[in-house]
Every structure is written in structure tokens, then in C-alpha cells.
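Below, each structure is written out as C-alpha cells.
Two complexes, one shared chain (chain A), two partners (chain B, chain C).
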Partner chain A sequence: MIMTCFVLLYTGMEKIDAAVAELREMDDLAALESPVHSLHPLAKLLTTFIYIFVTVSFDKYDLSGLIVMLVYPVLMFQASGIKMSTCFYKLRIVLPLVCAVGLFNPFFDKAPMLSIGALTVSGGVISMITLMMKGVFSLMASFIFVSTTSLDAICAALRKIHIPSVIVTLLLLTFRYVTVMMEEVSVMTTAYMLRAPGQKGINYKAWGSFLGQLLLRSMDRSEELYSSMLLRGFNGEFSYADVPKGRLADWLFTIAASVLFFVFRYVNVAELLGNIIMRG
Partner chain B sequence: MIRFDHVSIEYEKGKRVLDDISFEIRDGESVGLIGANGAGKSTVMKSLLGLIPHEGSITVDGLEVYKENLSQVRKKLGLVLQNSDNQMFMPTVLEDIMFGLLNYGMSREEAEKKADGILSKLGLEDLKYRHNHKLSGGEKRMAAIATVLAMEPDAVLMDEPTSALDPYNRRIIIDTIRGMNITKIITSHDLDMIMDTCSRVILLSGGRVAADGDADVILRDKELLESKRLELPLSLQTR
Partner chain C sequence: MHMADALLAPAVAATMYVASGAATGISINKIRKEDDSKKIPTMAVTAALVFAGQMINYTIPGTGSSGHMCGGMLLSALLGPEAGFLSMVVILAIQCLFFADGGLMALGANCWNMAFYGCFVGYYLIWKPIMRSKWFGGMEKKAAARLKIMIASILGCVLTLQLGAFSVVLETTLSGITELPFKAFLLLMQPIHLAIGLVEGLVTSAVLLFVFESRPELLGEVDCDNLGLTQKRSLKTTLVILAVVVALVGGGLSLFASSNPDGLEWALFGNAEAGYSENMGLDEDDFGIKSDAADKAEEIQEGIAILPDYGFKDSDSAAGTTVSGLVGSAAVAVFTLLLCMLGRFFKHRKAK
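Let's look at the complex of A and B:
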């Protein structure tokens, strides 16, 4: 949240409004209808967890094995009717950070691993690429989950697997109020800009007081919000949307997908296909 | 019946926000709580709901407002906040209306039925599945009122219910308030709205009750209002 505020302070008010609108679009995506949308949230959540777990467990040099894991997010995007470009566009701020994780690997691991003609590729380069792919694939799978499931259903699923109520409530309220806080930032930024014409973004000297003001406003807001919850009998536990019981098809989906992930993990499908093609 | 008996509140030592105030509000009454900024209107509301500690005695239907009784007291009262965003914290209007009902042990089917009932009573059926953050100011305020009325409180407290609304939405809120046959305590600087909705007015000034009586009399008393940093309602002002 604070990170978002810093980014917003730097970027300016038009971008804040655009960010608010973009966040709201997630609800529209979750409201679409498709076979993926209709899957039980818990089934989708478990499948996503297993997918991420299997994806990150690949060996750092197992590039050919890992690449096959792309099949799951690609198929899910196709079935959900959500464009893959939407995913990359919405994750454009996080993706470079994820890709930057393995950036220094080539400097530490210089042992030659692969030769393509005269070009020798070091282990560091391969591990950098696999790290990037693991990050990107995991983000894609997470995105397909959150964009095809309403927040209320996500929270209900999290409670079903006994994630503590405090964490789930925090998630729900953060998502609900992040747009309100961004609107607050937008108003404050407008007030600043009107008295600082020609300035790009907000001067770093004002960041402290700006964030302080935002914190105070959010504290006032949270106090009122909590009062309102207490007055309606809140006792520490939210009643989330009544998610219907999972159908057999939902659980078959999770089982089939999980089996497939483990097959991809232990059988190098790309290599197998390559061998078949070469023999043919 | 709501009774304030010699109630005093101080946030800082020596600075009394409410200073020995006493009044009674009978069942079914519509009372406007008016006063300049800092007069103590919001403090009266908060103390009634047990959100801040007080000296003296506050009772709701004979129940003393103190820690052990709070859940019973709060069950009898509903609060509509000035900023509806602070009141509507669930993703959709339906979920927000059902929030309190489910907390009080109602089944999901019953709660939804009740939500449908209140939405239709207020003519808000089309808001049922709408996301709270996508509602307009007027819709949000009406939905916030629905969340409170669904709880069937004995009395409803409203903090500036018509602030920041356009004339059309303001009129809708006023008509809605007039149609509510329960005890109402309304704080506002919109004295025309108070005149339209309340039969009695309590005027606060400096944490004390400066006047308490018939709305038509107090809201026409120019001298009294101006001495307490208020003005006659716009509809009574002659140019």
C-alpha cells in the first residue's frame, strides 16, 4: 500500500485516476462468464497453489522441463476469455521486478552449460532465464485466479482452508479501500498541483507530510469503519459469500491439473517430444 | 426511550466537549441535533453508541450504555455515517446489507430475503448486486440507509445525511427519512432538511443544551440561532 502511494506521489494525478479505474476493472473481469469462472474458488485456489509449488521446484538449469509449464496458464487464458495481454498490461509494474531477481546470476555462475554453434551459454544465464520464467509463470497463474474469482469468493476459499480470519479480513478491506485511499491521494495531489504549477510529480521534500496526512486520514477512516462494523454486530469474523459446494467436475479439474503438473515436473515432455520428432 | 442524564465528556483533561447535558427522546420522535462546528453533536452520537466513555448516565430503553450492555444497546440503534464509504465495507450492496443480519445469527436465505425486502421498500432493487465502489454519492447514501434499516433498529442516528448530495438525491433522502416510522436523531447543518424531517430540535452550543423544543419555533428564532453561530434555514431567509 505504502509502495503504491510512493509510486502514485511520483507519477501524478491522471495516473492515479487511471490506476483506480484499472483496479476496478478486476471486478469486471471476475464477473465474466466462462468455464474457468464457474470453477469452485477453492478448486482454483488449490490448483494455483500446486501449480506455483511445482513450478518453483524445477531445477535451476531445467529450462526445457520448465517451459512446458506454460501450457496451464495459456490454456486457462484461452478458456476464460481473458486476453493474455491484459495480464501482462496489468502486471507491468511487478513483472520487471520479478524478472530482475536473477539478473546477477550470469556474473556469479560462469561455468559453460550449453553451446549453440560458437556461442557458449553459461549456467548463470540459464538459471537467470529459469528464474524469470518461474516468476512470470507464477504471476500468470495467480492473475488467472484473481481475475476469474470475485474477492469475496477468494476470501471464502481462504477461510475454508483455515487462513486466519485477521489476514483474510485485512485482504478484503485492503482491496475494498485501496481505491478509496487512491482517490484520497488523487484529491491531495490535485490540491498540491494547483499550488505548484509546472512541477512534475510531488517534490520529495513533501513526501513525508503527504504520507503522514494520508496515514492520519486512513486512521480516522478506519476508526469510523470499525465503529460501523461494531454497530452491526461484528465479532471478529466476516460472513463471506455463500460459495456453493464444489461439484465433482471442480475437484476432477484440480486432480487432473495437479497430475499433469507432476508429470511435467518428472517427465521432460519437451525432450521427449524432441526425441520423437528426431527419430521420426 | 433515550435518556441523557447529566452527561459530561472530556477528551483532554479540563476540556469538556459535553458539559452536564440532560434530555429525553421518546419513542417515535424525530429530533434534529443542531449546533455550530465543535458544539458536541458528533460526541452525543458517539457516546450514545458507547464509542467514547462518559460521566453521568445514558440509557436506551432503560439499558445503561456501558461495556456489559453495549451489544444489546447497539442492537437497538442504527447509525448512518456522513461518509458512506466508511459504512459500506463489503464488496456489494447485498453483502453489506446482509453483513449485520448474518452477524446476529440469521441464515443466509433469511438475510437475503430481508435484504430484498428493504431494497424494494426503498426502491433500490437495481443496486442489489452493484459493487459499493461503483455507486454514485446518492446511491451510496441510500444503500447505507438500507444497511441500517435492514437491522430493524428501534432508533436511527444520522450524521449529516444530506451532505454533498445534489438537490434530487437530497430530496430522495429527505422523503426516505420522513417515511421511516422509528425514532430518528439527525445531526446536520442543513436546517431546511431538519425542518422538513424533525418535529423537535435540540440546539447544542459549547457542549451544553442551549435550546430544546419545537423545531418550528427554534428554527424560526433568528436571534437565538445567530447567537449560536447558526442562521435561519434558507427557506425562511428573505433577501
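Let's look at the complex of A and C:
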């Protein structure tokens, strides 16, 4: 009995606490120092966007062209000192979902695409692999951006490009309160699970009151929060102390990286390389 | 329902960004006009709460499984549609950035599918009209309001999730990425989201009813002044009513859900002269048949890709290029591997 109680308790808590811990870890990663970390957040954001844009735009059968795009995330991981295994570990829940997208392709697209000896590979298999690669590459690029940039820096950069303060302030405040709320929910869930052993989830009788209580309390909390913000001179917008200035190097990085992406997009580097190797 | 980057073609992703961006702009304007600086902390705390609330599992009575809520209807009932939408956008952005739930490029589409329908459609087409309606006029005011909240939140959640799921299918099909036929994908998505919507609706209505009992002034469109204080309806009665409503709504909507695709198909396929079927690359008669799937894929791709004629155009050259492509790919793989090893090598040197 006690064992089951523990197991349930563990599974109930695990999800929320693990999420809190992961958010903290991301903050820790973003606080490291490296050439990638010191790049201007806006330059990084733009480069990441262009990277994903180009990666996703590859033809669905263009396996050899797409593989070259792997160079960018790998280089960035190396330069930032963040282990690639960290990325894959953190994304372990999302990765299968991303990969599952193309699973049906082999069943619908059976036209033979290429044959190596007796082995014939259909178009569906190739498009499935490219789709998975696109998903994983995009995830890697986003991860490298988020793990080397703090949300404060992202928000400061967003304000720089005149994204309305309403949404930026909201983003910053919400992010700050997500951990508080998750801890609160975690405590409540734990308390509930301890009093209701052997039960999966929250009983329907408590559906409303469980989250409702928390909601009312947090509404009150937001009033207090607002008063304390006012007392400290809040005028509707945060001031960002360390808005980094864009250096020439930052923009050169973005331009160089983007040019490279488009070269990879239009010139099949892998094939060129293959031709050279075959000839030699 | 979070879409990954790989699911969307750049053109579709950009379109969705524009659409969601417009909705965000309108919402920001509205919030600015209200000029209530107190609203932002409230929005932030509520958004954080919904974020955390998504992690609670609710037991679904009668089944062994559990579900969680996603919050669009809840937020718009509490904060109003515009503030609710902005809160949802922020939640989705944080999920995308820190939990890789939904891609960075797909954020526009995700905001549209999950926040726009839940907040704007759910509020203006369902919550507001139902709350203002004269339904259950024969009953006492409070009981009538309670019933209306229940119906509005269940109907709202189910409908907005159906719309969201349909958008996911449409966006994916328009992107020409998965080979899964439109109809099959639709039949896969809609029923699943019908079930999810029902659970979400029940949870939302339970929470909103709780808020209504304790602090009705927090809810939008609820007329607090005319609420006579009467005896509380017991939880059991509420649940019985809920069950009846669910059965009715569920039954009605499943009919709607099964007849709906046909209407949409008509829209997509039946308008060949308007150019629809060409654009979509779909043909009703042999839709989903494997033999010419590759041709169709090419057709779709040509419409969307930056460099359409690229890749394996005809099989002759394909056979010639793929071998070198394979060799080259292997070379790139070796190169990246070397890069990794090199990085490690330098790190070790630095450590020494």
C-alpha cells in the first residue's frame, strides 16, 4: 500500500517538478559563457529563423541536399560548449512526436525512387527520412538558440525591434510566474495524491475546486503583485538594464550564416563532394 | 495539437504568422485602449496558472484514462477574448521556446489553431451569445446562469478544438508534406479532438462554475446584479445535468463531425473550374491512390517549393546523381563527426 502510494506520488509529482527543474536548467545553460552566448540575441533569433526556413523548404526527396544543413547546429553546439546529448535528452519527449509525422509516407508513396543492388527504396521512405531530419534539425537549431539566450535578453531584443511592450512584458511576467505556479500546483497535487492513494488523476468531484481555488488565490496574488510593482515605480513597462548593443560581428555572423544556408539550399554540396570523391 | 516546424511549408507558416500577428495586433490595441495597467499582471498570473494547470491530470469517470485542459475558453471567459488571446500566445511562446512543444516557425500556426479559435470564436460566437441569451428563462436566475456556463464552456471547447484540429489538417495538406490523404488525416484528427474537447469542456465548466459560485464578478458577460441568492444546486444534480448535456452535445456534434468533412470536400474538390483542385493537387476520383502519388507530390511541391525543379526529376538522372549524392552525404556525415571529435579534442586541451 505504501509502495503504491509512493509510486503514484512519484508519477504525479514527477511531471511538474521535472518541468520546473528543466526550466531552471535552461536558465543555467543560458548563463554560461561562449562565443555563441555572447552573440546578439536578435542576430541569433534571425539566424535561427532563416535556418529553419531554409531547412523546411528543401524538397521532400532531397535527402543528400538536406544532410549538409546538419553542419550549422553541430558547429553551434561545438562553439557554445553545450553537449548535443543535453539537447536530445531534453527533447526526448518531443522527438518521437516530431519523427512520427512522416510515418505514413511509406504506405502512400510506393513509387521506387532509388535502388542499391537488390534493395529498392520507395519515395515514401525517402520523404519520411527527410521529414524526420527537417524536424530534428529545426529542433536542434531552436534549442541552441534558447539554451544560449536568456529570456530577459530575448525580451530586451524584442523591445528593440518595437514589439509592443504589452506582449513583451506579459511574456516576461508569465515566465517568471510559471515556476511559482508550477510549484504551487505540484504541492497541491502531492497533497491530493497523499489523501487519495490509488487514484489516477483528480476525481471529478474536485475538478472545479482544485484549479478554481488556485485560480482565485492567484487572482488575489496578482493584485498584490501589481501593488508591489507600483510601489517600486512600475509604469507599464520594464526597463532593461543590460540591453546588449549589436556589434558588427553579430550582423556579420547572421549574414554569413544566411548566405551559407542559401548556398546549401541551391547547390547540392553533398553531391558535389560525392562527385569529387568518385572521380578521384 | 502543437505543430512542429517540419509539418509546415514556409509559405503556409508565413501566412499563419501574418494571420496570428494581425489578431495579436488587434488584441494589443484593445488592451492599450482599455489602459488598465493592472490587467497585465493579472493576465500574466492567469496565463502562468493555465500553463501549470495543463500539467494536472483529471480522471475521466468511467474510463481508466485521464486528460488535461488547454485553456483558451477558460482564459477568454475570465479575461475577455483579447487578453485571453494574448495570454495564450505567451503560453504557446514559452512552450515553444523552453519545452520545444511546437516549432518556432510553426508558432504562428499554433497560435491560430489553439488561441484564435478558443478565444475569439469561442467568446464571440459561443460564450457571449449564450450568456446573454434568455435561455432557461423559466428557471431561477442563478440556476439558469449555471446551466448557461456549462453549455457555453462545453460547446465552446468542443467546437473550437474541432476547428483547431481541422486547421491542423488543412495547413499540413496545403504544405504538401505528409502523404496521408486529406480525408484519412481528417478522420484521424476530428474524432480524437472531439473526445479531447469534451474533457476539456467538462474541466473548463467545472472550474468556471466554481468561480461563478465564489466570485461571479470575475466572469465576463455574467450579470451579477440580478442574481438572486438562492439555494445551491448540489454537485450531484449538476453532474447529472452535465452528463445529459454531454450526451446531447456529444451525439449532436459527432453527427456534425461526420457530415462536416463531406461539405469541406465539396469545397476542396468540387470546384475544379475555380482552380481549387489544381492548387491542392487533389483529385476526388483517385484521391489517395498510391500509383501517381509521386506525381501529385511533385505537383504540390512545384507550387510551394522555392526551387521546384530541383531533386529527383526523372529517374535516369536520378540514378546517376543519387549514388554521388549518397557518397557525398556519407562524406558530410564523416565531416560532422570529425567536427564533433575536434570540438571534444579542443575542450580536453583547454581542460588540461
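Operating definition for what follows: the second predicted complex is superposed on the first by the 207 of 280 C-alpha atoms of A that agree within 3 Å, B and C clash if a C-alpha of one lies under 4 Å from a C-alpha of the other, contacts with A are read in each partner's own complex, and residues count from 1 in each chain.
By our rule, a contact is a pair of C-beta atoms (placed from the backbone, for glycine too) under 8 Å apart; a residue touches a chain by one contact, two chains touch by 3 or more.
Values in this document were obtained by computation on a predicted structure and should not be read as measured data.
S.K.: Can A:Leu248 be said to touch chain B (first), chain C (second), both, or neither?
M.R.: neither
S.K.: If you stack the two complexes on chain A, which partner ends up touching A:Gly201: first (chain B), second (chain C), both, or neither?
M.R.: In the superposed model, A:Gly201 contacts chain C only, not chain B.
S.K.: See if chain A has more residues touched by chain B or by chain C, and give me that chain.
M.R.: C
S.K.: Is A:Arg24 touching anything from chain B or chain C once the two structures are fitted on A? First, second, both or neither.
M.R.: First partner only.
S.K.: Could you say whether A:Leu119 touches chain B, chain C, both of them, or neither, answering first, second, both or neither?
M.R.: neither
S.K.: With both complexes superposed on chain A, which partner does A:Arg221 reach: first (chain B), second (chain C), both or neither?
M.R.: Touch partners of A:Arg221: chain B and chain C.
S.K.: Quick check for you: in the superposed arrangement, does A:Arg232 touch first (chain B), second (chain C), both or neither?
M.R.: In the superposition, A:Arg232 contacts chain B only.
S.K.: Which parts of chain A are in contact with chain B and also with chain C?
M.R.: 151, 173, 176-177, 180, 221, 225, 229, 234-235
S.K.: Per the contact definition, I'd like the list of chain B residues that touch chain A in the complex.
M.R.: 46, 49, 51, 71, 74-75, 77-79, 81, 83, 85-87, 89-92, 95, 98-100, 102-104, 108, 131-134, 147, 151
S.K.: Which positions of chain A touch chain B when the two form their complex?
M.R.: Chain A residues touching chain B: 24, 27, 150-152, 172-173, 176-177, 179-180, 221, 224-225, 227-235, 238-239, 241-242.
S.K.: Where on chain A does chain C make contact in their complex?
M.R.: 12, 15-16, 19, 22-23, 26, 48-49, 52-53, 55-57, 59-65, 67-68, 70-71, 74-75, 77-78, 81, 84, 90-91, 94, 97-98, 101-102, 104-105, 107-111, 113-116, 123-124, 127, 131-132, 134-135, 138-139, 142-143, 145-146, 151, 154, 164, 166-167, 169-171, 173-178, 180-182, 184-185, 189, 199-205, 207-216, 218-219, 221-223, 225-226, 229, 234-236, 265-266, 268-275, 277-278
S.K.: How about chain C: which of its residues touch chain A in the complex?
M.R.: Result: residues 4-10, 13, 24, 28, 31-32, 37-38, 40-49, 51-53, 55-61, 64, 66, 78, 86-87, 89-91, 93-94, 96-101, 103-105, 176-181, 202-203, 206-211, 214-215, 218, 235, 239, 288, 290-291, 293-294, 297, 301, 305-308, 310-312, 318-319, 321-329, 331-333, 335-336, 339-340, 342-343, 347 of chain C touch chain A.
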